[in-house]
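Next up, some structures in structure tokens.
Both complexes shown next keep chain A, but they swap its partner, so chain B is in the first and chain C is in the second.
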Partner chain A sequence: MSISDSDSPLETSQEIRQGPKDEGSTSDLQEQGPTSRRARFRTVFGFIGQLPVGSTLILGTLIFFAVFAPLLAPHDPIKPVEGIYTYTPAAWKDGGSWAQWLGTDFLGRDVWSRIIYGARVSVIVGLTGTAAAGAIGMVMGVVAGYFGGWVDAFIMRVVDAWLAIPTLVLAILLSMTLGASMWNIVLILGVVYWTRYARILRGEVLTLRERDFVKLAEVAGASRIRIIARHIIPNVFNTWMVLASLTVGVVIVAEASLSFLGV
Partner chain B sequence: MRRLLYSFITLFVLATTIFGLVRLTGDPAILLTPEGATELERIQIREDLGLNETLLSQFGRFISEVATLDFGTSFHLGQSVTDVYFDRLPNSILLVTVAMAFALALGIPAGIISAIYNGRWMDFAAKSLALTGMSIPGFVMALTMMFFFSVKFSWLPTFGIGTWKHLVMPGIALGWYFAASTLRLVRSTMLDVLSSDYVKLARLKGVKERRVVMRHAFANVLIPLISLTGVNFVVMINAATIVEVIFVWPGLGSLLLEAVGERDFPLVQGIVVMSGTLIIITNFLIDIVYAWVDPRIRLTR
Partner chain C sequence: MKGVGYPQSAGPAFEEQKTLVVKDLVKHFPGGRTGLGIGAPKQWVRAVDGVSFDIAPGETLGLVGESGCGKSTIAKLILRLEDPTSGSIRFQGREVTDLKGQELKTYRRSVQAVFQDPYSSLSPRMRVHDIIAEGLRVHTDYSKSDIRVRVNDVLTLAGLSPDVGRLYPHEFSGGQRQRIAIAKALVLDTKMLVLDEAVSALDVSIRAQIITLLKDLQQELGIAYLYIGHDLATVAHLANRVMVMYLGRLLELDESVEFVRDPKHPYTKALFAAALPSNPDDVSDTSEQPNAEVPTALSPPTGCHFHPRCPDAREHCSTQFPEEVTLSGGRRISCHLYPSR
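For the complex of A and B:
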């Protein structure tokens, strides 16, 4: 008796507890399902609708070609086209053919294919180079701004010194040391361009450090690493993204200049 | 005083960095000897250049050189580094001045126009003009101009130094990029100021629009503009490398590039440290010019 008594209320209470919950969740699904899906659809569509048309088209095309380069390029970008080992002009000029509609370069390589693969290199180097610079700059800037004192003074003097060395020359010196592969170039661009992040983020951190929520976290006994990860970095992330978006172009042009100089 | 101390620390860090960096790139003796040279000859050359000493004693010598602003003798030119540097410096300054003049001449009016006609087609046109310069790499611009102005129409010489004609294309190729940042700054500052109360008051008082724009609004652009121009001036001397190489302009950028290629340690070190010193001096000058332009700063100090 006593067992069944104690069992039944448990069961009923479970039933009671489960019942409305189930009903609620199904009714939620039934009622909100279509609207939430529509809302989600609307936010996705609205996001696309808000994008500037021109820039999206240009970037979209670029990224499309970068991603699908092996499928879209008619020829190998590095090897000469079979049977052609010299320069041929573009299709609309005398002596050009539509098989290689932009012509071939002086080694007989298809120019159109080279442009497509070039987009790939530009996108990869632009994004990863920016990420590398951003990562170094974020660490240096936040450390300098948060810890202050001689650490700050030292990092900022390094930043000043970096500014005095011509970026291209610094990059060339580094590539002579490391050897010039694509990933080395990414690393080098990171080492060259981190200073602008460090300088600006440091300034942001200096003001953040004095804000109440950081002070409170310190009083509450949060470790420095936790404060940096939870309170400082999320608050400078916006600035970081803006800087990164500005750096992508700079990095791509720098990479182009480096390969122009034969690095 | 504090800033002076900081400047010296910056210079020291710069000197140390560049000293280490050039030594990482490899052995200059290999480049300085002919193809079939024996190891003995290379050892001889290293001894002549003082490269067989320990790194520490080389560094000590270098720092004492920096202190006396005498950077020894260039490995591959055989001349004193200071002489070579001051031979090339006027050329660099000439090119950068022309480029900066072009950047300001394009950037300031375009910035003012796009601020006044904010959102209309004049604004769009001015912005596009400046942004073109920012998004096209210097060497593409340079080669395209060469193709049209030298090859097709043969108006301008393709390379070298001498008459004003030699300056046109390098100046534009270098300056256009900086016109864009000038335009942005002028535009945003002008927009801020044009909506301020005292500009409204000036208009209410019946001050002529021309005077409002130039006297009331543009005066406020000067301070950030000077700061930007100062920074750009320094960046430009560095950025000129590519343009100098293309137009065979005998400036510091191409000299530095050549020195790096030849692993000419004293020359690289000398140019970088001297340029660093110039940058620090420029920053001091900018502060002085601030005070001269803006009475508010002069009064508070």
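For the complex of A and C:
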């Protein structure tokens, strides 16, 4: 049918810009070569222009510091600053010095450097902890929603029980038994926070399962694994992303709480 | 209900000629359950209650009836999306109600479906090419280029340009989406197509296009259609034979479309009279209009299900379900007005 003749809006705008070229002004002649490059630049810039400014700045700064921590931190975050083995206040307070502008902790470690390195831990644990929780929750939710019946009932009762346990207590218990390496913490956060994914995704899958395209995939002979991978998961992915973005902060705070409690 | 009108000599030879032979098909859904939702259900919804029919290759069987009469349940049973309570469905002479695993997969190569809502029947996250290619990826080990060729073929068959393969469903109108759904249904060696209200959601001009497309495809490929609809004009246009269902039971099945001009069963008469005439001056006979609401399939009326609404109801209509009778011309009917000999 006539789908093919309505092409991307990009080409239409090029046609409009090519309009005055026929009149032969010099500036337009210079533009002739790099038109497509300009179009590409516009696409990239258009994407950047759509990003929310405030949150991009904050997250960008955080990630920048996390990535370049060794270059940006003036001191080693773990060793005391040479010659200082006790608490010093921040620069604008009595007894502070601009050499360690946020001061040092009770062991003489530079607070500013520790904050910069802390961004690393926050970003890594925040993202991987969220990914772990999201992965467990996705599997549980999709399995419960798609297979239904006693599988669904069982998983949802587990979720109910899980939600009744205070998250931080569970996290402390698990880290005591498993030991507290960073990757153990990631795993523990995943195990603690998967329930909300499971609950919400299960509901989504329940409605998706009744949609005609899932039924038609079944009629076409697709296996359950294929239906889940090709039809269910792509259609719950948006919800998953939103949930994940909400979980990152919770996970970072939980990780900080654990570390504050000395786990 | 014994199929009286069913050919008595229905041997294997007869069944193999037919694409689909359905006999005494029954599907009961559990109705309200007792307090805790466990244990045996209190009552059953008799969605399909002993229906028999058959479809020959290259033929269209129209299936009409009000909402909730079991039309779509029959489609789901044939597509094996639901399992029947009892009865048999034979496809090219083979029983399909108990197929499992690889055999079921083989059956699914031949029987495809087009559903009513073109906005729900295409996955919004897949490109048209992938939507159509799914059957090939599941059933064949075609290479990428083989798949592309085949997908382009069926797109052309369905009246679309091969270029549309790279687009997503949201870029299409309802009619085009239905063409994509048809292309998807044809991508394998389809022998039978279940069209469950396939054009009901489309506006009238598009509907005519899709109907014409379906007719052309049938002529070209010799596919059998089970066409489910409540739009009588469309059914009459597309179908070779028409069957009428009411509350899970088959009331009338005609061997020709003559049916539409000469309905015999009081329900069919009422159903056809209820359809608006194309000319508003052709006032339909309102005396045929049934008065009461449609009873629920949870507790259908005793005897003939239609008797509370039937203008010609007799005393025994409320106690006895009428035997099915074959009239001259091969029309099967279940009504006390046409007593068995």
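We adopt the following convention: the second predicted complex is superposed on the first by the 225 of 263 C-alpha atoms of A that agree within 3 Å, B and C clash if a C-alpha of one lies under 4 Å from a C-alpha of the other, contacts with A are read in each partner's own complex, and residues count from 1 in each chain.
Just so we're on the same page, contacts are C-beta pairs under 8 Å (C-beta built on N, C-alpha and C of every residue); 3 or more make two chains touch, one makes a residue touch a chain.
Computed from a predicted model, the values in this text were never measured in an experiment.
Legend: residue contacts after superposition of the two complexes on their common chain; A:94 is shown touching neither chain B nor chain C. By the touch criterion stated above, A:174 is placed in contact with chain B alone, chain C being left untouched. Once the two complexes are overlaid on the shared chain, A:249 sits against chain B while remaining clear of chain C. Residue contacts after overlaying the shared chain place A:164 against chain B, while chain C stays out of touching range.
Contacts of A:234 after superposition: chain C is touched, whereas chain B is not reached. Contacts of A:257 after superposition: chain B is touched, whereas chain C is not reached.
Looking at chain A, you'll find no residue that touches chain B in one structure and chain C in the other. Chain C meets chain A in the complex at residues 79, 81, 104-105, 108-109, 111-113, 115-117, 120-126, 131, 134-135, 138-139, 159-161, 163-164, 167, 171-172, 176, 179, 181, 184, 188. Chain A contributes residues 1, 3-4, 211-213, 215-223, 226, 230-231, 234-235, 237 to its touches with chain C in the complex.
Chain contact summary for the complex, chain B toward chain A: residues 6, 9-11, 13-14, 17-18, 21-22, 24-26, 134-135, 137-139, 234, 237-239, 241-242, 245, 253, 256-257, 260, 268, 272, 275-276, 279. Residues 153, 157-158, 160-170, 172-174, 176-177, 249, 253, 256-257, 260-261 of chain A are the ones that touch chain B when the two sit in their complex.
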